[in-house]
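Dropping a structure here in structure tokens format, bear with me for questions.
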């Protein structure tokens, strides 16, 4: 039964990783915009929701407002700053690092350096008994479901709307994409907004699972990067599988080889990528 | 339809187009010939809005477009077949069509109609375009522009790398385009292919139009000068391919 | 609402205003505490505590005008060394106070030693920092094991909890604090049955929490900072009910409002609690709550006590406050700090009372209620110094306690 | 047979379930000029990739100049004297014309691992580079990044790089595509004038060029060899006319 | 044979570059006589990190492989010093050699792991390797002192120990030698082939270069000199710690390179100097210096995406052209293209 609980925990943590990574698969995988501020948007979402919740007491309202506001901030960043740097990966790195430094510092001045712990939504507190002996928090179980649903939604959206293909076309060859009438700026704006909205959404849930402080942004960002890249850029199923794999790897690594806890994620990831340099389901870059 | 009026275009500090002017009338197909590096693609890109002219005006369907973004121009009814296999490599053939296709009227091209001309694409329907053979990519570039259903088609060396049979299909497609009322600016190296189906032909050299011939002249097969200007003698010019001839004749380049 | 201290801002001239000149002269104090990064909240509070005391004395300590210069070591030994040099060589600091990260402290200390500038550490806890006699390094805050050694005795003998599972952060502070507890606990005849160490900034504590041996009588936790929040959240989430005894930073007042219910009943040992009942603490708490709308904590008290100690040392210094002068005077300092009596041993480490505390709700607020006091604890606890120094350091003993 | 420049036998090349080459056998004796024709998508470039070592065939063997090279990667074949052009321009885009040539020349065994001397100062490299620049009329453009050349000029660069190393086997993938007629002619003449000990295999859609140069012509169709013969007979082969020239066959 | 010689303008350009470099070197040599000791310390640190950034750029700007794990090499160098100098009394020269060997060896490991990965995948692969190295450094307490690191590194054994000026000169000498070696290396066939990696690996292979080897060479050389930079830093600070291997340092060195101009040999060095000075300066003005730094990053990305040197080269070209209008390329974000014939070697040597 111990292994069952380990598996469930691994899946739950993997689900959180997927929530965080889902936004990145879009901005990073699809738009190939290197958004190192993703962790910062995660924090903004979490902090805003927490702040609103403290003020209003309404969990769901806070969630929605926080996600929307963060998306708007993200869109502003895209429109005013990032958009000038389409397909220029290196400046994008600097820019988004800069943005996340600024956001991190604003959060620090506004909310202080101590961690905050956003609430668990009503009905999901406490734990449940599985198979008699395994105690598992309801919130974690819910996260697993949430991740699966979100993955399905994103996949369906990418499949049934042509927006994903349009974004990729602009990444392939922006000039030509424009000449067939694709409104590249508009699409990038919307898609980036969606990416930051997902980051904020993950921040609200991730905050409730763990906690938030101005420096968690980096830890979260690194894990999400691992998931997106191991899964294969732009592949939502890949990211989902990678998230679960990393979650399980982390869980079992920490149980079985606690001495090597700092390796249990990164060393296998390095090995994996050495042998599969395009990730799990990533497409081989053509040309 | 299209009016290019003394346009100057630069790459950084080097000027490529020097007061270039030309026009394409309603329903007209105009050929543009010239040696490598003379600015043909630069001109095409200037018209499509990918390059901004530093001087001069481009007018399309009565609107000044030289300051418009490329996607605006495209939506006004201009489509481009770019040179050099610029398809979207990570998109499948199907997706390449899907994102380009735009319906404006009942005489529109559908993907199915296009595939009549280029059946090879049908077999590679869900393969990423980057994995197509060179010729298939060229067909895709053409097909993609066709389903855009523009009023004016900019064709930048559309036959490059095509086998003779497909070159023929390409010609038929262009003829059909014209029949449906689409105007075209056809940049080509295949002289015969071009002269067969254009109303007028121009030669671009060092960013300027140095020669122009109209339909009657073409019909009279009075194209010696033109051929001489681009460095081809007329002797072996039957099926649009080139002949072995003395290259020193060319005054161009 | 804003919880951060409103100090900070422009560092060069904050605190007590520029170029203070007292009757006896003046001294520039370099505050080298993190204002950014994971330890920002700690650094801010140390600075705030120090400046609060200074302000309460009108910007002068023992008639020396005090000029405060703050620099941010950015949690990086390279930056910190640069900043230490800047404080001494550019700003003319006569004493440097601060440091949270032990690695940073190790990197900075040799330079200050060679420059003859005293260093007063306010948080950094590595045991090894205060193991040489007669240096110019002092520490008002704890060593990794100093506050937990009394706890081992206490948990075993007073609470009668005979088996313990240790959950610590996997770095030197975690090993030292756990080791201190384990040594006295086992010497008192009880048994450590399990040791689990998790990396710093572990996001998901489930893998560790679910491994905890449920047959243990007590869980001893060393999970300072935001890890405490995540640890307790997972602990409660998985329905564990073994009592927790923790190193005091795990239930720090900075964290209590966030942890709320999850911290209820957690016991801990530390050299301070805001609810200590003595006049010095009353002065401190009153001054603090007048300025900030939140509780005092050990870090603020460390800063405050550092200022007090400096004041006491300066009162012994005659004339120009040289590095040697301050160092020598500091050795004899004995003050009544908010935590109680405080003096330094030969190694520069503070000797103070350690409190056994329990998180309880009082007037709607979570506090660390004092349930017992162990007086005058030094860094070697009750062990013979020479014998103690022969022990292998705790970071080498990690993993051996449960065997 | 040691007098084969290239001998590929029974080549299958598979992309997933798609068979791009199916049981292709092509043997080219040293010194021959072989032209490869076939409809778009017939598998010509794929075969080139197999010959040059960019792709490993799923089945079959490749010999080059008498040595088994099926499992040898591209760089080793290049060192044995094989050079190729790419159908889709593949140059060192940000580097200048001169640097493109220099890197190519420096790939010789005695230069390739030199890390202590300036590339340009290696014996012969600067001089040979200048000679090539002059020969191909690139002197004026020598310090331009090739990215800024016109498309046709980049096509020529492909050929310059392939020829610069004085290869023993030259694979040219549609060298005249995109060239102005005059330049295409010039190129054809130039190829015709190359010493006869260089083996040339060339993919070409331009029949004039193809038939003017070829000793023999191989026709690929749907991944397999449809015909192989001297130009005169291929030109009248009904099957070939049917699949390759289609309705253009009357021309 | 008529050996063509570089044109006169090229010669004069070379001459001018040589003069500029010479003057710069003289100024650097004279610094200890004019700078207060604190600034001399900072200058020494800039030398070390500038060297690091330059070495990093071999893989990054030239090889086109965006490594986000280079701190591993820097930290390795620091630890070699830390361990060797506190546990043995090996002479300085031997420690330098050890550092070079260790850096090269780790570079080979990185190279072998990265035989195939590209772009973002490579970014993450190098990051993961560095995180694993960080984990080792953090957890091998016996050897590395864990999170406390190794402190008390003295400069005994270093030529003329003790004096800050002497160490500065030593560092300057080592940096100048290292930079010269790297400069020469990047112009050699191997270096040019590494540049070719960035442009087209398939072309490189078809030309006869074994692509994987050159990736390994790039990492090995870059790793060796990065480790030397770590060595200098450790001697300077007197300590080595896991933060020498941390992700943030890897990210920072990338910022150095981009800000200075990753397309230029000296760009990264300049970037290091600018950022370090700026950090120092701003952090004395305000405790919100991370915010200011953020703004600087954003402005850099927006207005100096080719780096400071790229910007200078561009402005010069424009000034020289003296055509009033600005160049117009509609392609979003495309800056003016360089025509290398008309500017200084120092600024203009693109990737050579």
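Per-chain residue numbering starts at 1, and chain names A, B, C, D and E are given in the order in which the chains are listed.
The rule is short, and it goes like this: contacts are C-beta pairs under 8 Å (C-beta built on N, C-alpha and C of every residue); 3 or more make two chains touch, one makes a residue touch a chain.
Keep in mind that what you see is a predicted model, and the values were worked out from it rather than measured.
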| item | value |
| --- | --- |
| Length of the shortest touching-chain route, chain D through to chain E | 1 |
| A-E against C-E, pair bridged by the larger set of C-beta contacts | A-E |
| Chain whose mean Cα position lies farthest from chain D | C |
| Separation of mean Cα positions, chain B and chain A [Å, integer] | 44 |
| Chain B and chain E, separation of their C-alpha mean positions in angstrom | 47 |
| Centroid spacing, where centroids are CA-atom means, of chain C and chain D in whole angstrom | 73 |
| Whole-Å gap between the CA centroids of chain B and chain D | 28 |
| Residues of chain C whose C-beta touches two or more other chains | 36, 170 |
| Two or more partner chains touched - positions in chain D | 88, 148 |
| Residues within chain B bordering two or more other chains | 11, 49-50, 70, 131 |
| Of chain D, residues touching chain B in the complex | 15, 18, 37-41, 44-46, 87-89, 148-153, 155-156, 173-174, 177-186, 188-189, 205-209, 212, 243-248, 251 |
| Chain D partner contacts - residues on chain E that touch it in the complex | 1, 3-4, 184-185, 187-193, 195-196, 198-200, 202-211, 217, 337-341, 350-352 |
| Partner chain D, residues of chain B touching it in the complex | 11, 34-38, 41, 83-85, 120, 123-124, 127, 131-139, 157, 160-168, 189, 191, 230-232, 236, 238-239, 241-245, 247, 249-250, 253 |
| Contacting residues of chain A [partner chain B, same complex] | 162, 165-166, 168-169, 171-173, 175-184, 283, 285-287 |
| Residues of chain A touching chain E in the complex | 28, 32, 34, 81, 84-95, 97-106, 109, 174-175, 218, 222, 225-226, 229-230, 233, 259-260, 262-263, 265-267, 269-271, 273-274, 277-279, 282, 285 |
